[in-house]
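There are structures below to look over.
Next come two complexes built around subunit A: one with subunit B, the other with subunit C.
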Partner chain A sequence: MTQRPTWQIVLRYILVLIVVGWFTFPTYWMVTMAFKPKVEWSTAHGTIYWVPQNPTLDNFETVLTEYRGRFFRANQSSALPSIRSSIIVSIGGTLFALLIGTLAAYGLSRFSTDTGELPWYIALGRLGLLILVLLPFMVLWAWLGIIRYWYGILSFTLLGIAVNQLLDKFLALFYRGPTGSLAFSILQLRMFPPMAIVIPVMIMWSAFKLIDTWYGLIAVYGVVTFPFVVWLMKSFFDEIPRELDEAAIVDGASNWGAFFKVVLPLAKGGLASTALFVFILNWSDFLIALLLTTRDWPTIPVFLNSLVSSEIGAQHGPKAALGLLAVIPPVVFGILIQRYLVRGLTFGAIKR
Partner chain B sequence: MANIRLENVTKRFGRVTALQSINLEIHHGEFFCVLGPPGAGKTTLLRLIVGLEKPDAGTIYIDGEPVNDVHPRNRDIAMIFQNLALYPDKTVFDNIAFPLRERKLPAEQIKARVAQVARMLHIEHLLERKPGKLSGGERQRVAIARALVRTPRAYLMDEPLANLDALLRLEMRIELKRLQEQLNETLVYVTSDQVEAMSMADRIAVLYKGVVQQCDTPDNVYNLPANRRVATIVGSPPMNFLTCQVQRTDGQLNLVHSGFGFRVIGSDHPLWDCLCRALPAVQEVLVGVRPEDIRLYPEQPTDVIAFPARVAVSEPLGAETIVDVQLGRDIIKVITPPTQYFAEKQPVWVAFDMAKVHVMDVQTGARIYTTGAPEQLQCILPGTCA
Partner chain C sequence: MDRNVAIPAIVERRVQLVARLRRRRFWDMSDVRVFATSLTAPAQIVLLFIIMFPLLAEVYISLTSWTPTRGGDWTQAYRFWDWGRNYVEILRDLAFWQALGRTFLIAGVAVALEFLLGLGIAFLFLDEFPGKRVFYALMLVPMMIVPAVAGYVFWLFFQSNGPLNAIISLLIGQPFTLTWLANDVTAMIAVIVAEVWEWTPLMFLIMLSGLVGLPEDQMRAATMLGATSWQKFRYLVLPMLKPIIIIALVIRGMEAVKIFDMVYLMTQGGPAQATETISIYMYKIAFQQVRWSYAAAAAMTILVIMTILASYALRPLQTPQREVA
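Let's look at the complex of A and B:
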């Protein structure tokens, strides 16, 4: 190998610096802004301060203590309730999704009787048929004026499930072949953009009086992240040889015992990374929390958005301060579990 | 100790029939081998006995009790899986202790029992390690220890020695046999290695394509194979099969091949009975002779009748040499002592051990007759009869 000319090396470093700078500048700007006094973060004076001239903790004080009536469109004047809300609903939603998702994933991995994928034309036709059948009922429900009430929503949901089942029976009359896989249907739940489902959910939640409650948010977060848990955990369980559970059962464990004593400990790395992933999703959600909370339970992203005062408009400094605080939990969580993020725990147990 | 009985057990996976109407009885304290090529259904048979699969038809009895609906944890049978299935995150001690902990034994008792089994299998020094840090042979022992640590009604082992190197396999074979004699427990041992089956088993069930071909002592399986399949699976290299014409002329019965011929003497001979009275339409039979029951002579011998042939290939293996010989239109394999040297294309004389000649049905492969004594069949040279 010949030595490259110096100018090439220099050019390479310059390019690297530009790219790194491009990506890290927003973070830099947020971190520095969090420590700038108001004169430096507001544009009122027409000067841009690239580096804080007089670092201060004022912004943190502003978001963390009450300035009753000073700013904020939300009815809260301090970020503390929103921090509490974020912590409760993110952790709650994560635990909820992990609980049902992990069990579902184990079931799918070990006991699934899936018969293979439904051909796309049958799947699409079936979906079209479902909508076609349900549409008149929806019109009817609207005409009866019950679609806005909890019993209207409940009855329509039950009707949808019933029609869905009947459709399967009907299909079975002339179609013999794979009937689809449950695991894939669960994945399909994720193909809905949240925007598409959050409005109906909002209507349902208001009918069920779940708007602006911690449990209402946890329920939505749990359901929205459930498919991720199922798919991630299923792939982890699939990697654990079935013979391990079977050996445990033959050795005298119950089915639950085999799961908790043998399989789950082996999947704890996967469980930890799934938990982190789902937690970050919940923690950074804005849209769902925006539509499902009003006064008591807005989360940090929602509160951030409302940090506006009547005097000087957007409160950029306090926003940056709160943003910086919001970065802490996922980062700490990530560092705590990083040893579990390393795969390969099952190495060597099985002779291949 | 337990007596395991399978009655008409059938197991299907979708369109594949893994086991077809299995009838077996495994006795108390027996070393029972299931021998079969890959895909024969051996693993499926063990999984049925231990309860991890349910039969589609038939009944499984343990000590006379039907267990079809008994959960595997309550069948009290220990199984060593084909891939061992050691718990990778647990230490060797915890692996071996697992069955005892599931039975809620007191801690001191568990400790004592594990130590005892570990000593028996020479793995005391490994107890604190995880399975990933063990050699293949050590893992094998840990898996055996996990099965031996409790006193189940029977042990099932699925090709436990398959992935060990040849030397270790030999060693473990002897150890396992000794262990079983000590324990005097029912042991169902699955293998695709006929040497393992022959050397260890009290009885062997030969399984092929989900059907039990023969279930008998190693001696009988080797000397009186039920059919062509068994004769192929047991023995290495497998038995030679030669298609012979059946000639029934003027009160004589001859089996004639392009390279040799046999004459059946006397109308009270069992073959006469079979081929002239029971199956008078049969035109061909298979004559089977094992490679170890054939002799090669460089010159025509004077004391035995030998047939002229020609060497095709010679394969020296050290302790013996396997020679492929062109006999008539067929090629047969012959095991010869290494002291004899045969060059390619060399003319030789082939003599059969006339006490060990098998005759089988061409269609079904079922064995019709085995000589047992040299005088039963008379050799005739080709071309000396019609």
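Let's look at the complex of A and C:
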């Protein structure tokens, strides 16, 4: 590289400082607010404290002290239950997503010609047919009054799966291209606003008594994030030459053996970064937890939103303290997997 | 099999027997097809389980005018059957189409700004300079901050006695008290600023990784031939970055359309409907106005629109760029 003139170097420094300053200022504001005593964080006096004058740990104490009473649990300011809930639910959701996602990714990478391409008129037409066939059954199930119970939902879902398979066979008589694509449905799932399917999911979850339970949330998180696992792990598996599995099989390993003993250990780094990445996604979720939890299992973001005390309005100091605590795991993990962040957020499409 | 080779009858019978015995095991993992199916089966089943019932329930509810406040639970919705009047209403509902338009406006403006800023900042970080690693790490922090927390911090930020107004007051030398979130235009700006703040770092990372990977000899050749910086950028850098740029825009666009957390925490879609995106719109219909059947119809409409968009938008992702950079 040629040496740049001094004014360019200086100019670059100024620009970098402005840019980085702007991008760190909101974070700085939150971090300092977490350490400010109440006089400084409450906006009542109209004075702005750029730097905490009397740094204190009071806010953390408010947030981290366990509430001992038995009543008014919704109004308490202790965040410990929500922290516990966030940890359990995010880890559980991550494991669930990894379990189904990694297997599917290996399948798609090695044994499938499914590229995820499906014209929208095929996708919509097939969906329309499915709805047309199943809607009378839905009404029938509802009329019989069984769809409100878990066995009604289960039997209906099984019927739906059967109809889905038959429809595939039926369509294959008329149309030679692919009528369904796992890879496409998986990507498509990521594109819908979760808000669009949340009403029926709430209905289903209340029938299964899964609302406001940790396993209910884990199931939803697993489903919502496994698309990332599939596409990300697929991109890692694609990089491992097929010849390796074949060699393992020639040497006497079974199909599963080749996967678990040869391919998976080679993709270990990818698996770890995928896990951390999915953990960050689960940890950051607000909408799903907002709608599917009420009293016992609100996660940190939901709890943060409700942290208002009746006397002094929003508790900015404790909120900022909790926000700071909530931000630590994603930032630490994010920096750990820096190399793979882009890859994760682009579904493995960009490899560097 | 080569038919010309005579196989002794006894051997052939043996082979057939073994084959039949093997075929008897339905769950034979050494059969590649069985193995492949069992790999993708859990994902398929989970996908169908999570989609089949909610989808049909949604269609069912959307064809009625049932809501929880009309009595009966949702299974009784057939009593309020009204042949898709909801859909006709959606087509004529100005608020729905406005919310849709607003969503695309916010997503479009935010993603465009993120892209321009990201590319610009990537150029700043292209060469080595002292302290680069620290600044680089600091640049990455916003995208890892939980959106709910970021939304809250930005809500504080834009209050009339918040830090932003204080900074502006310092700069212009007189008190500046604009209530950002109470005005139609400034509330929109605030939401976009928050969204841009959170996601520019991603664009920056993608663009930087693209720029770093550009072949250096071509750049050097261009310099020797006397190309100006602009020419190098326009005719060399931009075309080579194009695949990456498209992927980055698609990914960000598709996430930005889902925007909920930021808007919900900063403005709740207000003032009035000034920042109401499609997710907020559906949230309000379902949980504030409690019109579930209407919300279901809106959701189905969105589903159709998004499926059409998805099949075009996702195309660049399906043929992964192998080490473009």
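Going forward, the second predicted complex is superposed on the first by the 249 of 352 C-alpha atoms of A that agree within 3 Å, B and C clash if a C-alpha of one lies under 4 Å from a C-alpha of the other, contacts with A are read in each partner's own complex, and residues count from 1 in each chain.
Operating definition for what follows: a contact is a pair of C-beta atoms (placed from the backbone, for glycine too) under 8 Å apart; a residue touches a chain by one contact, two chains touch by 3 or more.
For clarity, every value in this text was computed on a predicted model and none was experimentally measured.
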item	value
Which of subunit B and subunit C A:Ile83 touches, first, second, both or neither	neither
Chain touching more of subunit A, residue-wise (subunit B, subunit C)	C
Subunit B versus subunit C as contact partner of A:Ala247, first or second or both or neither	first
Contacts of A:Leu292 with subunit B and subunit C, given as first, second, both or neither	neither
First, second, both or neither for A:Val262, with subunit B first and subunit C second	first
Which superposed partner A:Val63 touches (first subunit B, second subunit C, both, neither)	neither
Residues on subunit A lying within both footprints (that of subunit B and that of subunit C)	254, 345-352
Residues of subunit A that touch subunit B when the two form their complex	241, 243-244, 246-254, 257, 262, 265-266, 345-352
Subunit A residues within the subunit C interface of the complex	1, 4, 9, 12-13, 15-16, 19-20, 22-27, 29-30, 33, 43, 46, 48, 50, 99-101, 103-104, 106-108, 110-112, 115-120, 123-124, 127, 131, 134-135, 138-139, 142-143, 145, 147-148, 153, 156-157, 160-161, 164, 182-201, 203-204, 222-223, 226, 230-231, 235, 238, 254-256, 280, 283-284, 286-287, 300-302, 304-305, 316, 319-320, 323, 326-327, 330-331, 333-335, 338, 341-342, 345-352
Subunit A-facing residues of subunit C, complex	29-30, 32, 35-36, 39-40, 42-61, 73-78, 121, 124-125, 127, 129, 135, 137-150, 152-154, 156-157, 159, 161-163, 166, 197, 200-202, 205-206, 209-210, 212-213, 244, 247-248, 251, 254, 257-258, 260-261, 264-265, 278-279, 282-283, 286, 292, 295-296, 299, 302-304, 306-325
List of subunit B residues in touch with subunit A within their complex	50-52, 71-73, 77-79, 81-89, 98-99, 102-103, 130-134, 136, 139, 146, 163
